[in-house]
Amino acid sequence: MSTIDTRPSDNGRGSAAWSGSWTHLSVDRRSPSYCRVTFDHPPINTITATTVAELAELVGLIEQDPDLNVVVFDSANPDFYLAHYDIENDPSRTAALGVGPTGMHAWLDLLVRLSRAPVVSIASIRGRARGSGSEFVLACDLRFASRENTLLGQFEVGTGVVPGGGPMARLSRLVGRGRALEILLVADDLDGPRAEQYGYVNRVIADGRLDAEVEAIASRLARFDHHAIARTKSYVDRVTLPADSEFPPALADFFQMLGLPRQQEQSARLQALGLNTDSDLERRLGQRVVESLPDA
Amino acid sequence: MSTIDTRPSDNGRGSAAWSGSWTHLSVDRRSPSYCRVTFDHPPINTITATTVAELAELVGLIEQDPDLNVVVFDSANPDFYLAHYDIENDPSRTAALGVGPTGMHAWLDLLVRLSRAPVVSIASIRGRARGSGSEFVLACDLRFASRENTLLGQFEVGTGVVPGGGPMARLSRLVGRGRALEILLVADDLDGPRAEQYGYVNRVIADGRLDAEVEAIASRLARFDHHAIARTKSYVDRVTLPADSEFPPALADFFQMLGLPRQQEQSARLQALGLNTDSDLERRLGQRVVESLPDA
Amino acid sequence: MSTIDTRPSDNGRGSAAWSGSWTHLSVDRRSPSYCRVTFDHPPINTITATTVAELAELVGLIEQDPDLNVVVFDSANPDFYLAHYDIENDPSRTAALGVGPTGMHAWLDLLVRLSRAPVVSIASIRGRARGSGSEFVLACDLRFASRENTLLGQFEVGTGVVPGGGPMARLSRLVGRGRALEILLVADDLDGPRAEQYGYVNRVIADGRLDAEVEAIASRLARFDHHAIARTKSYVDRVTLPADSEFPPALADFFQMLGLPRQQEQSARLQALGLNTDSDLERRLGQRVVESLPDA
C-alpha cells in the first residue's frame, strides 16, 4: 500500500496551511491555541475518501502545531453531525487512500493520531453520528452532545458487516463490555440521554446551551499551559488507548465482508431506501436498517 | 478431577437435543436463530449441581449451533430469577461435577464458554439474582432488568466466604473498582435503578414492558448475519474478557472456606432462618444476611 | 532519598499507637474492627508535609492490624474535606518526606499502601476535595459524597502543572478515558451529582443522611469476617490497581514543573487571591483558577 497522498505538510508554511482549500469542512483558527473545525459536506455530512484525506491532512497540522491546545469539531448541519461512511459505489477510492505514518490505513491512522495528539480534541455533537461518524467522535478526547438532538450508533452489524474503524476497541474501554456489546450488536441508535447514561459521551447539554458551554470549555483550555495539557493527556493515553495492533484486523474483516456478493445486494437495497441522502431512512437508520435485510 | 459428566452432545442429533429432558429449565427454540431458556426450579430457582450440569449441556449446544444468533434467559418465577447456589447439604455433589472443556470446574467452565460463544446471550432479569445467580447474569453478554422488580447482589462476603464464580473479575471490569468493591464487600442487594446506575446491568425497563422490549431486541438480533455478530463479539471479547487464569483461585478459596467448621455453623443458621425456601430471608437476603453472623 | 521518618510503628505497642498525638486528624477506634479518622486541620484542611507524615503513620497502623475491617475518613470541616496540597512556601519540606516502604515518595507510597491494605477504606465526603485531596479519595476503596455539598476536582492543569499523585492512573480506570480527560484537562470542579454520574464517587447521599448511611455501611462491614473481606478485595486489586510504575513519572513532572520560575509567579498570584485560606477563591477554585493565569 502506498503512503497516504495528502497535500503538502505545514513545514515552513505556518498558519497558511490551516486556511487551505478544504471541501468537506471549514477551519476557523480562532487563536494560536484554539481551532474550530466545522463539518460541512451536504446533504448529510457523509464521510468519503475526500473527507478522510482532508481529515488526515488536518490531523497532521494539529500534531505539528506547538501552540495549539484545543480543537473543537462541530457540524454545519444540525441534523447530521457525520452521517457515516459513503463508499461512493467505488471501493477502490477508499482503498487508494493508502496508509498513514502509523502504517495503518488512512482512516485508522488519522483516528489513532488524533487520539495521541498533544491537543484536546472535542466533539460537539448535534445530530446523527453513526458508523464511521461514531468512530470519529470516539477518537476525540471529549464528547459533548445535544440533549434533544443527538443520535449515535454503530449500525454496521445490522447491514451484515463488522464495524471497521475501531469501535470494538474504543467503546469496550469507554462503556464496558455489556453496553459495548449492546451498541455494536443490537446496532440501534442511542439518543443523547442514553448515550450519556452509557458513557458513550461525556455528557449531554441542553441544545440551546451546547454551543455556549463548549465554547466556554474550549476558551478555558485555550488559556492553559500547553505543556501541562500535553503531559497530563499523555499519562491518560498510556492507560486508556488501545494498542495499535487492535485496529487493523477488524478493518480487514470490514473490507473482506464488503466485497461479498450478498453485501453488494444489501448496499443496493439500502440505497434504494434512501441511503446517503437526506431521507427518512437516514433520519431513523438505527430503526430502519432491518428493512434492508435479505428476508425483509 | 474427572471430565464433567453431561448427557450426550449434539453430535449427529440435530435440534432434538434442544428439547431434551431438562428439569431446572425449559428451552423454546423459537427459530433456528433464536432460542429462549426459562429457569424453572421451584420454589426459588436455586442453582444446584443438577442446574450446573444442565447449563453445561445447554452451553455445549449453543456453542456448536451454526444457526443460532441469540439466546434469552428468563425466569418462570417473577420473584426469583436465580436465587443463588444451593449446596444441598452435600458439597460432594458439587465437587463431583468435575471440569469442563476449558479444564476449569464445571461452573466456571460454562460461564466462560457462554461468554465466548458466537451468540448473543441476554439475561432478561425479573426478581432476585444473587451469588451464583448474579455470576450467571454477569457472564451473559447483555443484561436487561425490571425497573421495579430486580434485586442483584453478591452476598457471599456477608456469610464469611469469597464469591467463587468470578464476580471479582467481571464486576471490576464492568462497573469499576469503587463500585465493584462496594457490591462485593458491603454485599448488600442493589435494586434495578442502582444496578443500572452502577453499570451492573445495561439498563432497566419498566416491568410491564420488559418482556416486549427484550423480545424486540432478540427478534432483531435473530435476523442479523450470524458471522457479523460472531466476529464483532470476538473483538469485544479480546478487550473485555478476563483471562481464564483469573477464575480458579477464587473458587478454590470458596471451597476451602466452605469447609471450615465456622462456615458449617453459619450455613446451619442461615437455613434455620429460611435459606433455600420462599421465605422473608430470601426476599430480603442482602439486608438480613447479618442475622446469621456469629455475634448476631 | 531517605526512608520516611515516621513515629515508632505499632510493633509491641498495641492500640496505644492509634491514640497518638495526631495534629491534622483525629482517630476514633470505635471497635477492634472499625476505625474512624476525621481530618481536622483548620482553616480548610490543606494537606502539608505534616499531614502526609501522619497519614503515612496511620496507613502503617492500618496495614498491620489483624482485627481491623473498615476505616472511614471524614472531615471536621463541612466545607472542606481536604482542600489540596499546601507546599508551605518551602518545597524542601515535601522533598524531605523521603520514600516509604514501596520505594516511592511518601505521598504516592501511602496512597498505594492504603489501596492495597486488607481493610475497606471509605471516604465520606462533605465539602471540597481537590488536587491531592481528590487523589486521597481516589485511593480509598469506596467514596460516598454529600449530594448537596461536594466539590471534587483536579485543578492542577489550570495552574500549569501535571497532577502528581496518580489521578491519571486512577481516574482513567474509574471513569473511562473521556471523562478522565475532562476532569484532568478542563480542571474544573464537579459537584456531587456530576461526580456520581461520572463514577468519580460510588454515589451521592442526601447531606442529612450521609453520616447515618456511611455509619450503617461501616458497622455492617465491621461485623463481617476479616479474611473474607481481605481475600475478596485482593482479587479486585489484581484487576483494578495500577502498576506501581505508573505513579512516579507524573510526580517527577509535578516537582520539575513546580520549580519553574513561571510556576513560582503563578503560585504567588494564587496566594494573593486567597489560596490556602478560607476565601472565595478556595470555595470556587475550579472556576476561579483561571484568574491566576499569566494573561488574566
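Chains: A, B and C, in written order; residue numbering restarts at 1 for each.
Quick note on the criterion: contacts are C-beta pairs under 8 Å (C-beta built on N, C-alpha and C of every residue); 3 or more make two chains touch, one makes a residue touch a chain.
Owing to the predicted nature of the structure, the values given are computational and were not obtained by experimental measurement.
Enquirer: Could you report, rounded to a multiple of 5°, the rotation needed to superpose chain A's C-alpha atoms on chain C?
Expert: 120
Enquirer: Please decide if copies chain B and chain C contact each other with the same set of residue positions, more than half shared, or with different positions, and reply same or different.
Expert: Different-residue interface.
Enquirer: Distance between chain B and chain C based on Cα centroids, please, to the nearest Å.
Expert: 37
Enquirer: Send over the residues of chain B in touch with two or more other chains.
Expert: In chain B, 173 touch at least two other chains.
Enquirer: Flag every residue of chain B that touches chain A in the complex, lowest number first.
Expert: These residues of chain B touch chain A: 120, 141-143, 173-175, 196, 199, 201-203, 217, 220-221, 223-225, 227-229, 231-233, 235-236, 238-241.
Enquirer: List the residues on chain A that touch chain B in their complex, please.
Expert: 156-158, 160-163, 168-169, 172-173, 176-182, 184-188, 194, 197, 242, 246, 249-250, 253, 257, 290, 293, 295
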